[in-house]
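Note that subunit A is present in both complexes that follow, paired respectively with subunit B and with subunit C.
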Partner chain A sequence: MNVLYLDLNRCIYCRACEVACEREHGGVSRIFVTLLDWTEPVPVACRHCEKHPCVEACPVDAIEVTDEGAVIIHTNKCISCGLCVIACPFGVIELDKAGKIADKCDLCAHRLADGRQPACVLTCPTRCIQYGEFEEIMARARAKPGLTLVSAVGETGTVVTMPDRPAGAVQKATSGSD
Partner chain B sequence: MNQQHINWVPSVCPFCGVGCGFLAGVDRGRLVALEYLIEHPVSEGALCPKGNAALDTVHHADRLLHPLKRVGDGFERISWDQALQEIAERILEIREAHGPNALAFLASAKCSNEENYLMQKWARLVGTNSVDHCARLCHASTVAGLGKTLGAGAMTNPVTDTVNADCIFVIGSNYAECHPVAARWVGDALEQGAFLMVADPRVTPTVWHADLCLQLRPGSDVALINGMMKIIVEAGLCNEEFIGSRTSGLEQLRELLQTVELSEVEEISGVPADAIEEAARHYATAEASVIMWSMGITQHITGTDNVMSLANLALITGHLGRPGAGLMPLRGQSNVQGACDMGALSNVLPGYVAVTDFERRRQIAAKWGVTELPTARGLTVVEMMNAAASGDLHSLYVMGENPIVSDPNVQHVRQGLDNIDLLVVQDIFMTETAELADYVLPAALWAEKSGSYTSTERRVQWQPTLVAPPGEALPDWQIICEMGRRTGYADCFPFASPGDILTEINTVSPAYGGITPERVQALGGLIWPCPDEDHPGTPILHQEKFGTEDGLGHITPTPYRPPAETPDEQYPLTLTTGRLVLHYNSGSMTRRTKALLSREPRLFVEISAADAAERGIEDGELVRVATCRGYTDCVARVVPTVAAGVVFMPFHFSGTNILTSDALDPTAKIPEYKVAACQIEKSPR
Partner chain C sequence: MIIGKLKEAIICLRAGRVTLRYPFEPSVVPEGFHGQPQLDIDKCTGCGACSMACPARCIEITDEADQRTMLYCLDRCSYCARCQEVCPEEAIVLSSEFELATDSVDDLRVTARFDLVRCEECGEVVGTRREIEKLAAEMPEKTGISVDQISWLQLCAECKRKRSLETARDLQAPEQ
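Let's turn to the complex of A and B:
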């Protein structure tokens, strides 16, 4: 089973993933990098959760879990009720500009179909976003020094590690110069 | 989109100097898609946001389509024949009336090696060494400082070799924003346990990952590095064997370091002595240490000194000439290294032959079929603008540069360009500088012509032609060939293709001797020096000896000098400038790219909470930033990432360089963009 892996320690807030996603999906990005406290970047996109509240919430079964573990919205079935938007614990499902169709990361299904990795994965300058076999990803994540495993959601979903440091970079940087 | 018809062509990213590759998808004469080129040796498919948007400028509606001639306040469309003939005649008239040094030429780090080679060849044949380009504004001090100490003004090790370093010392580089793919290799080194230390006045994204941050005051680099060297020398951490066999000048350095007091270093730099000591020990004692720098080091009146200090540090510790051990000036444009290599600098011919070197200059002249070339050093970029303002310069021919946004003290630049008799701008868009021109010539961009580009790590890569230029736009090499012919040098411009030009470069520049049109087209190209056709290229320089005449590394002591401007009562803050990840240089490409501009839409100034509170400035408020040269209105960002007393502005928007200083480094003639005394107040608007 393939999963996404976010190593938050390597994100540099360059936002290449956003521009790549936007280019790959007709001008709308489905990944958002948020900068917390000016120094802590967090790329947020659909985690393709193992327990998927959006699927449970959808009254018309428009959201499907594929054999690869991807959680996909079939937009032609969407009735714009917005329940999945409310249900999503990560806040990554949005209705389109017209307020009609729910939209989110589809793991670049069109790319996976012809053997190419998702655009955000390939473009990421720092290998912050990776995609691969769950066991292999977990082995990679466990081997990294000084990182905390934040989530490893069964055999689907997204593996996330973040830096295991007591204070933010700003404190670390400026404490010396005062 | 039906992908079946798409022809995928490996291409070189047209933005920074890392030299990433991607696949450009061509369908029926248009660039329609971009795909990641996983096989590329530097980027492995990765691209920063700018690289992802590289195609957006190609078929852009703003592209220049026809030659234009100034008529009153506007332009009229003219034919290529009329444009070329009139420009050639006016250049010859000005040369007749005022001599060849009334002419100046700006080459371009965005254009290919072949085009830069032609531009400097034409300028020198016309009779002047006043041909320069934006390297003068970014790494001229690297070229000068490393040339003097190591005998080669270029990065010593490839970007990917960073993974072999145990200690990575970054000073005055924010590679995470300016060269994002370099962060890939640093990140890999960190996962293998490397120690990262970053010296920067700001807490940049590069600093986020550092083990040690030295938040120094702008312009205090030499003091900091001398302090580090004093600690290394006194603690006996020098590499005596390396010093003994491969360097000269240690004694003079020892004498200088005896006058350095760590308490003074602490006071000048604002970095506590124990942090300086920690940095010094890490750098000296690591198995392999690398130093990475960019404009934070170079854009000072002490730029050359800063670079020489870093070379000294590497020489006394022996961190050169091995995997993971080297000096890495990260260059900012896709072909800024190449434009320098080609001699598009006012003091050197191709291959860094000094214009004053009688014998080697004559050899190049002979290859060009003339008996002599101009002998005096020409004007540098900022000197050109000064000469224009004072009336000594009458003609400026600009290829792909935008000095009215990118040069320091732009109000002075504007005065100069207004004063000049003939301003020709050859570009892809109607830039702010083109708007002032007498003639505007539409040029092809990277995808519409072929040629070689040299990345920051000396890697020469080939960009094939992908699509035709829009309208009547022509490749820069064709335009210059035509200008050369029409100004009387037809025999010197016999070229029918960029390959023909590269073949001449092979014979003129020894380091490019084996980088032939056939070999350079392989994926990843070749890394110079590559002297002959069997040579595999040279990823790591200085392994056996240095490029100096005696083969030794010349330790060159550099005492600390303060910046040209220091804060005073009227201008109590220090303004420093730099790049953002979403924009590029003068912004003429990225401000026309929706995906980038929408994420970073306007000019801002970063200010500390203390300085903002003192002035009653709120985050997001419109403020006025003033220096003794002028003022600019922009939005305040109150951030914890700059120290009190320091403010930061990006330089991609018109306005920032109204403020910056044009004080020059005496050797490299690079202006001190990084330090200007300023004041900030709420905007009266």
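Let's turn to the complex of A and C:
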């Protein structure tokens, strides 16, 4: 099964992945580069969890798990009840502003069908986002410094290598700094 | 000519009464008739799917403080039954009621109020309390996540993204 891999030591906050995702999905990005403690940029996209709360929450079975392990939303079935938005542990499903339809990363299913990589993976200038076989990704990730974890609900899903910083090096921003 | 008129009269008399005695006896509507929508307030979770589906925009949702108000303006209803089709709880059903003439438009307006849950961190609207309680009740059984692990239901999407990262960060560098 293929998964996304995020090596957070490499993200430089250029947000090229967001632009690539917007270009690929009609102007709305489904990957969010989020600042952690105002210092660490982290691209957050759907984790494609093995145990998927969104699929269980959907009352009309509009969310489906494909054979490749991708969790995709069939937007034509969505009734915009917003239950998947509440159920998602990572906050990567949002209702779009215009049609109020739930949408999220589908691992660029149309590109994978053509044998191409997802747009964010190809675009990332530092190869922070990678896509490949789960076992191979895990082997590659474990060889690197920093904590490697499967950041998803279940055994498989998106693999993340956290930034390699000594304990206490990251200064927490005070609440008044924004 | 008179014979012709007589023949006509005989034909009409033989047919008997062909109309209903409607106002004096009830008219039975066929099965699947689209009458006035009726809301079952006990089933409704206030998710707002019907409001999105309604082509006549009969269902208005306003979020204020800690309450969501859903106003059903049934005077505008076109009886298309889209709300019935989309409702995940089967809480809104088109009944067989069709005698809707009234002196006051308020008779055709229904208001439902729900408790809102706002994001613990930023105060953004997350959903209604009923939606979240329903998810919290179903989630452990369906996904195998234990109840105490489900902490994200009270957070908005943006704060969930931050919280999940902070959780991962804290795994690496525990608080000192």
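What we mean here is this: the second predicted complex is superposed on the first by the 152 of 178 C-alpha atoms of A that agree within 3 Å, B and C clash if a C-alpha of one lies under 4 Å from a C-alpha of the other, contacts with A are read in each partner's own complex, and residues count from 1 in each chain.
Keep in mind that, in the parts below, a contact is a pair of C-beta atoms (placed from the backbone, for glycine too) under 8 Å apart; a residue touches a chain by one contact, two chains touch by 3 or more.
Please read all numbers here as calculations on a predicted model, not as lab measurements.
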Touching partner for A:A57 - first (subunit B), second (subunit C), both, neither: second
Touched partner set for A:T34, first subunit B, second subunit C, both or neither: second
Partner with the higher number of touched subunit A residues, subunit C or subunit B: C
Which of subunit B and subunit C A:V85 touches, first, second, both or neither: second
First, second, both or neither for A:L149, with subunit B first and subunit C second: second
First, second, both or neither for A:V160, with subunit B first and subunit C second: second
Touching partner for A:I12 - first (subunit B), second (subunit C), both, neither: first
Overlapping contact positions on subunit A, where the subunit C interface meets the subunit B interface: 37, 40, 169-170
List of subunit B residues in touch with subunit A within their complex: 34-36, 38, 43, 45-49, 51-53, 176-177, 180-181, 183-184, 187-188, 191, 193, 203, 205-210, 213-215, 270-272, 275, 581-582, 595-596, 599, 639-641, 643
Contact footprint of subunit C on subunit A as seen in their complex: 32, 34, 36-37, 40, 42, 44, 51-53, 56-57, 59-60, 79-83, 85-94, 100, 146-147, 149, 151, 153, 160, 162, 165-170
Residues of subunit C defined as touching subunit A within the complex: 47-49, 52-53, 86, 88-89, 126-127, 131-132, 135, 138-139, 142-145, 152-153, 155-166, 168-169, 171-174, 176
For the subunit A and subunit B complex, residues of the former touching the latter: 9-10, 12-16, 18-20, 22-23, 37-41, 116, 119, 122-127, 144-145, 169-170, 172-174, 176-177
